[in-house]
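Just below sit the structures, each encoded as structure tokens.
Look at the two complexes coming up: chain A is in both, with chain B in one and chain C in the other.
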Partner chain A sequence: MARVFDELTRFCQARSLFILHYCTGCGAIELPPVMTSRFDMERLGVSPMVTPRQADVLLVTGYVSIKTLKRVMLTYEQMGSPRYVIGICSCTVNGGMYWQSYATAKKLDEYLPVDLYIAGCMPRPEAVISGIRTLMQRIESGEADSWKEYYHNYDYYLGNQQKLFGPQWQTPVDVIGEAEQYGLLGPATRGTHTELLEQIQVPLQPLEMRL
Partner chain B sequence: MNLSELLLELFLMPLIAFLVGLTMVLWMRRIGARIQRRVGPPFLQPLYDVVKLFGKETQISHGILHDVGIIMAMGGYIAAEMLLPVPGMDGVAAYGGIITLTYLMMVPSLGLALGVGQCANPNGSIGISRALTAMLAYDVPFVIVIFGVAYHAGSANLIEIIDLQQQAGMAGWGVVEMPLLAIAGLITLQGSLGKQPFEIYVAPAEIATGPMVEMGGKYLGGLFVMQSFQFYTAAVLYVSLFLGGGESWFELLLKSFLVVTLPLSVAYLFPRYRTEDLVRLLWKWPVMIGLLGVAFVV
Partner chain C sequence: MSLDGFTPWLQSLSDRIEGMVVTRTDLQQRRTRIDLPADHLTLLLEAAKGELGFVHLSAISCVDWIEEGAFELVYHLWSYEQNQLLSIHIRIPRDPGRYQSVVDLYRPAGFFERDIHEMFGLYFEGALDMDKFILTEWNGPPPMRKDFDSEAFVEETFGWQAYNPPWLQALTSAGGGVVTPPSEQRFSQRGEVARAPWSGSPRQPFQDDGEKG
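Right after this comes the complex of A and B.
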């Protein structure tokens, strides 16, 4: 019975993807045709959303500079699981034409688990849609669970983030706490990097109320 | 009527309202798609969305009031469905009347305000303050319209209002006898559905969907359910007041879908009014038309 219920949920999850576009790179220009009348992604049940809380899929288009990556991390951690990440364009795969730049993060999947890359410079709307369909198939068959990876291997991802942003790096989201709450703790969730985080972590303060 | 029948009706009325409401949400998205020359979502899309949102594995709550607010938003409409007579089922409509219904239709906005307030997101606060201002704006003509219809029928009981119209036939429908009030009601309907041009409190590009900004998972799912109830309630209430209700389900659904089609086709052709313009417009035109209509009725 529980299996039937899971399959129903996955069936619906695959057919209803709310996408949050994180469009700072040039690949963003290929997304309007995907959404509008020419290719119309709403017929696949995909619709754009505007805040990370509402979204299921984080679409990172194009190169991610180090400053941008901080915002990507903040956005990703605020999304509700199951959450998926799609990296569009070559720059998210290996740095692309920004390989020699000192200011860009080269491989997106060192910092957060990526479900799917759509390579190309830039990929055509057809390629984006075919990528989204692949993700749908993987969600329906239950393969797309890289969001669990982030909880299981949090130490690895946090380590890479600390390498870029410095040892003071922290986000408002308590990932280890979430992993404990939802039973997603793995052997590599805690490690040397999370110990460093726990030393410097400042608990969230309520905002000051003023007019 | 015995108790078990009544309980069955009270269970069935919100359930049917939910299913019809989901179809209306699909109808809205299809209309939008066709106007923008797109294909639009598949038939079960609203259901997929709701199931997916409730099936999210991590649910981020911002506190007790956040939970309570969403429950109030849904519960207000569920209570309203029980007071809304449909063919074959009256529920508790005979005891509630139209004034209680009007009151219950305000509860969701207030519940939403409570829930959004706890999220402490500035966009949410801006959105909900705009939403409450908009409610203040469309409730004035709404109350005038309700008063006019109730005065004309000599009763605040929805069942009697519908019976009067059905006995008199098409010539006795509210829309024929009180055309001015029907027009004012239509403008109010646009406001209460929160569709363009009165959509300032959602404004996805400016304030990130306003009240919904911190809602994810089951909270957003609750709001999706609320939206489908909202469509159903607004449409069926308008049909009961002005189009003679429905003697059969087919008639009622046909009329309700016609009623929601009007504001939705207008919605996708217009940009938004600012809040102060919205209040000015809603307090000027529908109120004037409505008062004129009331004068004719009296």
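Right after this comes the complex of A and C.
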């Protein structure tokens, strides 16, 4: 009985994907045709969403500079699980034409788990649609669970983030706490990097309210 | 002053300012290049702004001539009265890399100088602000200098590795493919006499090439 409900849930999840309106780099220019009448992604049940907390899919549409990557990480950790990441354009795969640049991060999946890459510089809207359909199939069959990877291997991802952002790096989200809450703790969740984080972690302060 | 006044003004200027080389071509009537010893820059800027209405400093660009040990600064001035573009080229020694700010003459120079300071490490005396500008999360050397090895930095920071599989090695060892070793491409990896690949002969320091407009 539980399996039936799981299948039904996944079926429904795959057919109502909300893509976060967050665009980096140049690949975002292919998204308006994907959304609008010509390629019309809404016929697949995919539509844009304005806030990370309400969104399911994070599209990283092109190169991410170190500055942008910070924002990507903050956004990704705010999204509710299950969350999916699609890396569009070759820049997210290996740096693309910015392979030699000092300013852009090269491999996106070192910093957060990526479900799917759509290669190309830039991929056409057909390719984006095809990528989204692949993601839908993977969600329906239950293969798309890379968001669990982030909890299982949090130490690895945090280590790579600390390497770029410095040892003082911390986000407002308590990832280990979430992993404990949802039973997603793995052997590699904690490690040397999370120890460093726990040493410097400052508890969040409420924002000062002033009229 | 009318449009015709520009050429005589240039003539009178070269009498007043020593070591000034004016380059104009027939092709680009509205562009003038002036090469100038670095000491006389403010003199020229004041004259251009006051006498001919070159009120718009649209950019300051910087070129790192590492082989000649010089930074080239180019001040792009535009006059709305003359419809003329003046590019004033000066060269300053790469070491210690200090120059005077022109922010008292042109207010927007503050941004350009701050940017050049961040990207090339050149210090402008009397500038408004020499703080970090765009590279807020950057702790390395100024990245646009020619001796900054971007490739090594990328390899170290991002774990980047060149893709050189056996099939490609077999191809290149047989003389195929495009073989340009990094030592021939990168300024930072070159050994003795390095020269820009696009220049046929070694450039003379300062006051050369008459054909560049």
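One rule holds in what follows: the second predicted complex is superposed on the first by the 210 of 211 C-alpha atoms of A that agree within 3 Å, B and C clash if a C-alpha of one lies under 4 Å from a C-alpha of the other, contacts with A are read in each partner's own complex, and residues count from 1 in each chain.
The rule is short, and it goes like this: contacts are C-beta pairs under 8 Å (C-beta built on N, C-alpha and C of every residue); 3 or more make two chains touch, one makes a residue touch a chain.
These figures come from a predicted structure and were not determined experimentally.
Visitor: Assess the superposed three-chain arrangement around chain A: do chain B and chain C clash, or do they fit?
Guide: Once both complexes are aligned on chain A, chain B and chain C fit side by side.
Visitor: Give one of first, second, both or neither to describe whether A:K106 is in contact with chain B, with chain C, with both, or with none.
Guide: second
Visitor: If you tally the residues of chain A touched by each partner, is the higher count for chain B or for chain C?
Guide: Larger number of chain A residues touched: B.
Visitor: Mind working out whether A:D40 is in touch with chain B, chain C, both or neither, as first, second, both or neither?
Guide: First partner only.
Visitor: If we overlay the two complexes on their shared chain A, which of chain B and chain C does A:T134 touch? Say first, second, both or neither.
Guide: neither
Visitor: Who does A:E178 touch here: chain B (first), chain C (second), both, or neither?
Guide: first
Visitor: Once chain A of both complexes is superposed, is A:T75 in touch with chain B (first), chain C (second), both, or neither?
Guide: In the superposition, A:T75 contacts neither chain B nor chain C.
Visitor: Report for A:L164: first if it touches chain B alone, second if chain C alone, otherwise both or neither.
Guide: In the superposition, A:L164 contacts chain C only.
Visitor: Figure out whether A:R15 sits in contact with chain B (first) or chain C (second), or with both, or with neither.
Guide: first
Visitor: Give one of first, second, both or neither to describe whether A:N153 is in contact with chain B, with chain C, with both, or with none.
Guide: After superposing on A, A:N153 lies clear of both chain B and chain C.
Visitor: Determine the nearest approach in Å between the Cα atoms of chain B and those of chain C after overlaying the two structures.
Guide: 26
Visitor: In the complex, go through chain A and note every residue touching chain C.
Guide: The contact residues of chain A facing chain C are 66-67, 70, 94-95, 99-103, 105-107, 110, 163-165.
Visitor: List the residues on chain B that touch chain A in their complex, please.
Guide: Contacts found on chain B: 29, 33, 36-42, 44-45, 47-49, 51-52, 55-60, 120, 204-205, 208-209, 212-217, 220.
Visitor: Would you pull the chain A residues touching chain B in the complex into a rising list?
Guide: 8-9, 12-13, 15-16, 36-37, 40, 42-43, 45, 47, 50-54, 56, 78-82, 178, 181-182, 206-207
Visitor: Would you mind writing out the residues of chain C in touch with chain A in their complex?
Guide: 135-137, 140, 143, 148, 150-151, 153-154, 157-160
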